[in-house]
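Alright, structures below, take your time with them.
Shared between the two complexes below is chain A, which has chain B as its partner in the first and chain C in the second.
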Partner chain A sequence: MNFDPRYSGRNFSSVGTRPIRPDGIDKVTGRARYGADFNMAGQLVGRVLRSPHAHALIKSIDTSKAEKLAGVKAVITAKDLPDLTDGDAAMYDILDNSMARKKALYDGHAVAAVAAIDARTARQALKLIEVDYEVLPHVTDVDEAAQHHAPLINDQVFTEGLEEKPAKPSNVTKRTQFGHGDVHKGFAQADFVIERSFKTEQTHQGYIEPHACVASVNPDGTADLWVCTQGHFVYRQHCAQLLGLEASKLRVTSSEIGGGFGGKTHVWAEPVALALSRKAGRPVKLVMTRDEVFRASGPTSATSIDVKIGAKKDGTITAAEATLRYSCGPYPGSWAEIGAMTAFACYKLENVKTVGYEVLVNRPKTAAYRAPSAPMAAFAVESVVDELAKELGMDAVEFRIKNAAQEGTRSSYGPVYGPIGIGPTLEAVKSHPHMKAPLKANQGRGMACGFWFNFGGQTCTDLNIGMDGTVSLAVGTVDVGGSRASLSLVAAEELGIDYSQVKAVVADTSSLGYNDMTDGSRGTFSSSMATISAARNAIKILKDRAAQMWDIPVEDVTWEKGHAIAKGEKYGNLSPLSLKDIAAASGKTGGPIAGHSELVADGAGVSFATHICDVEVDPETGSTRVIRYTVVQDAGKAVHPTYVEGQYQGGAAQGIGWALNEEYIYGKDGRLQNPGFLDYRIPVCSDLPMIDTQILEIPNPNHPYGVRGVGETSIVPPLAAIANAVSNAVGVRMTHIPMSPPRILAALDAEREG
Partner chain B sequence: MRYIRPLSIEDAVGELAKAVGPAAILAGGSDLLVRMKGGFIEPELIVDIKAIGGLADITETADGFRIGAAVPCAVLGENKALRKAWPGVVEAANLIGSKQVQGRCTITGNLCNASPAADSVPALAAAGARAVVAGPSGKRTIAVEAVPTGPGRTSLAKGEIIEAILLDKRPDHAGDAYLRFIPRTEMDIAVVSAGVNLTLDEKGAIKTARVALGAAAPTVLLVEEAGQVLVGSKLDEATLERLAKICSGACRPIDDKRGTIEFRRKVAGVLAQRAATTAYKRAGGK
Partner chain C sequence: MVEVTLWGSLSAVAGGKAKHDIEAKDIRELFRKLAEQYPGIEPWIDRGIAVAIDGTIYRDTWSKELPPGAEIFLLPRLAGG
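== the complex of A and B ==
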């Protein structure tokens, strides 16, 4: 396929406008079907029995009493999900996380499941399952888990990435290192050096829709799965592999999604629902409760990070170093590695070194959460950057501008940057009226920068032109942030027709080729590239059909503004043929007109943002209110600016919750104390100010329209921006996220007592 | 599970008294239904008291106010006379849950749920409110602070129902206030709270004072010493300092997911000062 993805600098007619969302009416009327809204005749209710222990050996499970209960149609344990992973360690971990095989590794780990005729029977059946546990010592804190004497979660884990394989197993699964230059030399050149340690607590993505699915397995080896997911093709691959099904015989349909933020990139309940359905011979619906979502679906890492930065009197950073420890839950991950890559990505540094340690703990398996790992690293680094600016007597923005990465800078994680937006976002912040607005007593202002890679990946799209001239666009990336509207705009742009003529749908796994998940801010970036490619392929056919209709050579036909034009004076009396004209005649000119595209979307442009935040802190209670917030971020090209602004605001809102109140609280018994929205405090509407946004457009050279991913970067700066604001308001450097009122008050008291 | 909706308090008491398995009283249901849905309780009998005559009414009597056990908290906020007389009690009732929850929940339910963090209870205790208890052996009236005996436990005997809460008629120069600390702005549970009720003499000095703290001990804490320290003062700075110190000292809080011991102690004092200041202003003090 000859698709040229390079940026072309065209003028837009549809892209950049703000039409109403195509899924709007269904969502506001309640007609939209989310995961739990799908039902089948004869479906059973599935429920999962979960470990009450943080760490325990499963000696035996007796399901006989539950099986005898009237109305119970299937009871399963790990035995019903035999290991078919064939040495694939990552898949084995997914299998073990779906249903514990030998040990329960966290409070909430699934150990058995039932399918029954109703919820009451299913609940009763769970009570009849007898699990004989041998409770083992547990560890939930990332720093404690990294100690030599900590209880071992997996005695087969020997730290990777060390020069020599360690003699003893530990909870530290991997060490990774990034950087260049010589930090020792760099620190020796510094006039000022700031070194601090930080902690961030574990948070959950907090999507409002719990995980839900309906699974139906037939005796002939075919199966259907309706599920709320960010990637139905990936769910198909994983479930097929874990259940021993053929991928093409498992049809997965994604529902509307009530939030994912990375948390719906991972199977938990789906293999269990399929195994229950297979055993019961009936469809099974499995919906997690909120309690289960918190205890057993993917939170982000808790972290412990040390940062050291040195600078000369003139404000030049001479060296930067960070050590990052990230919790992974009980299975190995690469979360600290990502943190180590992103930590200093905003800056132009001669000497930089970051080291990441992946740490196992008895908590749920860490899953991606919006720019995973980057917000915590940014919190630690941007806090020290702010403090260093103060030490140097420099303005915090000026200091960052002086050291910001540019086109041609070798990034701290390796690659050399192309055109990037960190400098422009800082310049925009410098001249933003927010920076000059007066502050009152007990108020403080902070700002911070953030970086995210953005991903591309495998993408497949179909564009079908109906005989009435309307266009249906079938995409394989789940719409989590408005991509159906954005992709319809892109199809309309490329074809030269009106947005209202295009209808985009998310196709199921049997209707389209494989697509990677909607993650890494790739949905609109990748699928728009595939849509442009599909539209260009359709235009080739449209031109061919027009040539037939006119009976002229196809070389003499061009496509402009939704019309085929016959080139040259000799065709002067031929009126242009509209897409609608050509579509109407298609039955006589060769049949349906469609454009197809399959590609790997490379070249997702990196993304930068700078945020400004004002807070007011009550010095007597430690209560913090965010009173003003501004997001400045590079979008490359904002396809649908309202959605882009929504992404900016959403990331900031989640960051505000994380910075101030959200945290997993474990008791000494290793049990999660707050598995609900009452005590896991995401912000409510009245907690947030109107979040102001400013879109910058520095085109991505690797996309025809210059598009960059926009979904994730907006959660990277908030922890740091708010921490800097609080620290400026109270005069004490806050080093522990969330900055909950007890933590702020304790820090103030410690300062008063000196 | 059996659900009944009796029309008289006698019937309700009779059904509860003879219930064999676990029984629950349903008014707004904002605690009960949540607990049932969460699987924490599975009552065999539910007695819905909303159809019982008089239980859904607020009556102004010669002695004060009688608030029926089934009156939703939102209705308290709509009652002008009650709002004028007992603004602290009403503001406490209108902090519970969300707007939607306030349309269902009741102060009697809040009291009988016996959570140490109940919002309306410190305000009621400070107000000197009393509960009218109907039971198999007749009716009795007790102080609200005598109802909860520990988290989730009350002094009510089997078959007993609180049918109304009584609040006194207000003299001139009286005011009350309630404040709670939550990390968010709404839809949250008090980390610690304080209710203060004052009356002033003609010269503007405090004549009587009651101070109650919430989420500071296993049950609502009526801090008599805190009331005493206010009496005779015009709420000068030294008095407020002493008030905070006494309240902080009176706390017997715990460390839990909502806050620490140190935080609750300190903020109990801060909230008592602020609530006292508001109550004093409402009473006409300057």
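== the complex of A and C ==
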């Protein structure tokens, strides 16, 4: 990578301003095209038949009656998606999840699909498919699944990460461990030790737009996929591999996205739509219903976590330990591993140990959900931290400040930190007026900290300068949180032109080199780095063209504030040439002017947040209202502060829903009982207070502008902050998320009964 | 020569040792030498290992040099949302 990503400490003209969003008008007028808004001539309607059983052997599938129904153009089962994964276990799991091969592993697992001329015919056809199941015992609870006697979901799975290879298969797929020091010694030094167990229920990202795609496979082996995704290049790779297509012949175009939050980093229906189109010889549109989104896309883990923390009388934490069990759905994952890494990342600890267990259950395959796994670990740890502060008679913020990690601290997951923002977020919270505002009866205040890694990744960007001097920026990271605005600001900053001269678009997979998906809070971090690099490459060409126009050596040309300048007294009579001047002459100086960049954006800085929350709990009903909420978070550098504030608010809003209401509820039959927004209640505007934000800017040393990811960290503290607030309001430690009214009443009853 | 620390699970396939002294100029050479010494580590490299160099996490820049005396820490390559 011939690009220096180091922070330069420059002053900004465009970056840090708040222009209106480029996609705003399209979105409020309904012109924006989402996944389900795309149509192709002659397209068919795809529908999926799903298992009603949590765990069942598929003995046979008879599709003959469905195939004979007038209007049905294709019926597929797993036989139409042969295994081309060549020993790649992770890809095989994606294939099996797209269409069950031998067993249905959860309620909602796809077992067959049809393409028909209309939705009615497709639904009728599904009813004509006969599946002979042998129902097997199932397990949906993470703790029950980890028991030795639990029904086995995959008898080929033996727990990884144990000192001795186990003799028997298990639903526990992996054990991981992090930490340093000696926790036994540390606990022996403690004057106070708090130990508690916590549970969090499974939640869905709750994106408003269901998964949707249109697939068209042509007889010559070329194919198109129009899809709502967080990563169209990754979808192309996965779909091409699963269907045996050449990647370069599968063009994937990403639509606008009505929310993803990690749930659209994974293919679910797309391989099925492509397989249907290939068989039918016509385009197929496949849109999931909300019921299908809940039952058959990827929610986050349900968890069970034990935490133990010890401290001296002076408030120094001497040891911290956590055991984390995370559900993965029916396929192995690394969700507890992430929880184990993030659990104590906010603190400076001499003795720390975390152990994670990945657990298979008969639920949908777990997918990433915004800072995946970190919120649940933070809930458990920050609850105990709060309780320990009380036990010590210390202020909760002061206790955290005393133990906060800082530059040079060895993190709980291993490496030593560079410059980080946990201390500054805590200091900002300490002096925030919110902390001093009076509370009324039945109200409580809580605060909590959170950490997330942030990632970079492979990134490719094109910057094209039109002959009128306007700039089109083609990026390959899907805009999930305002990156088109922030990247336009970055291009304007680097070129020295006005924001209004730049138009950013998300290019399809045939128009740009490979990009990793928009996950890990990487969209603006990575693509801004590539945009800066592309702009600098374009400036080299602009300077060369100016030199031609002036007929002087290019070495005598500099670029300042959007203009080529001929440096030196001998060029005193030469007026600066603007980007527009140079672009207008480009046809006669060498043709189009463009800058390209392909790079791996690594070195994304970790980020921290501290949240404050006030709640009011009705002691008669157990109902909780959040009455005030404040987010303080380090952004590195806020490129477009309004979007950054929106990310902070969005994370808090999702966290409020997760903390108070959202929950997958399974019946004894292993079937999901609430697959819809009426029974799975996400917060609406009237449920939420104004969420105040405070942006801190501790520059990331590994980005030219100091940018860190901002999209995920904001969902890490809310579960804990709200749990601490509710616990303070009702005087009972809440240990089970969501803190729904029945759960709060049960906790109050249990307390009364002693 | 750099000292490399492996996270718990990875050290289990590297002779049970968390710390290793390796002669490697960059991440690519580090992975190659670890795999030569401990073949069991190869599937882990295929699945993805991130390398923290003085606290900065690198996931894909295998050409990244390992400065002498730097703290090198291997971590799982994680997913984000």
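Please note the rule applied: the second predicted complex is superposed on the first by the 753 of 754 C-alpha atoms of A that agree within 3 Å, B and C clash if a C-alpha of one lies under 4 Å from a C-alpha of the other, contacts with A are read in each partner's own complex, and residues count from 1 in each chain.
Criterion: a residue touches a chain if its C-beta (ideal position, glycine included) is under 8 Å from a C-beta of that chain, and two chains touch if they have at least 3 such contacts.
Just so you know, these numbers come straight off a predicted model, no measurement behind them.
Colleague: Between chain C and chain B, which one touches more residues of chain A when both complexes sit on the common chain A?
Modeller: Touching more residues of chain A than the other partner does is C.
Colleague: Looking at the overlay, does A:Gly262 come into contact with chain B only (first), chain C only (second), both, or neither?
Modeller: second
Colleague: Could you look at A:Gly670 and tell me whether it touches chain B, chain C, both or neither (first, second, both, neither)?
Modeller: neither
Colleague: Taking the superposition on A as described, I'd like to know which of chain B and chain C A:Ser740 touches: first, second, both or neither.
Modeller: In the superposition, A:Ser740 touches chain B alone.
Colleague: Examine A:Glu620 and indicate which partner it touches, taking first as chain B and second as chain C; both and neither are also allowed.
Modeller: first
Colleague: On the A-aligned overlay, A:Glu712 touches which partner chain: chain B = first, chain C = second, or both, or neither?
Modeller: A:Glu712: touches chain C, not chain B.
Colleague: Please work out whether A:Pro415 is in contact with chain B alone, chain C alone, both, or neither, and reply first, second, both or neither.
Modeller: Second partner only.
Colleague: Which chain B residues qualify as touching chain A in the complex?
Modeller: It is residues 38-39, 181, 183-189, 191, 256-260, 262-263, 266-267, 270 of chain B that touch chain A.
Colleague: Which residues, counting only chain A, touch chain B once they are in their complex?
Modeller: For chain A paired with chain B, touching residues are 123, 291, 620-623, 625, 660-661, 665, 673-674, 678-679, 681, 683-684, 686-687, 740-742, 745-746, 749.
Colleague: Going by the contact rule at the top, pick out the chain C residues touching chain A in the complex.
Modeller: By the definition above, chain C touches chain A via 5, 7-9, 12, 47, 52, 54-61, 63-64, 71, 73, 75-76, 78-81.
Colleague: Would you pull the chain A residues touching chain C in the complex into a rising list?
Modeller: It comes out as residues 1, 90, 160-161, 163, 174-179, 205, 261-263, 265, 334, 337-338, 341, 368-372, 411, 413-418, 453-458, 519-522, 600, 602-606, 701-702, 712.
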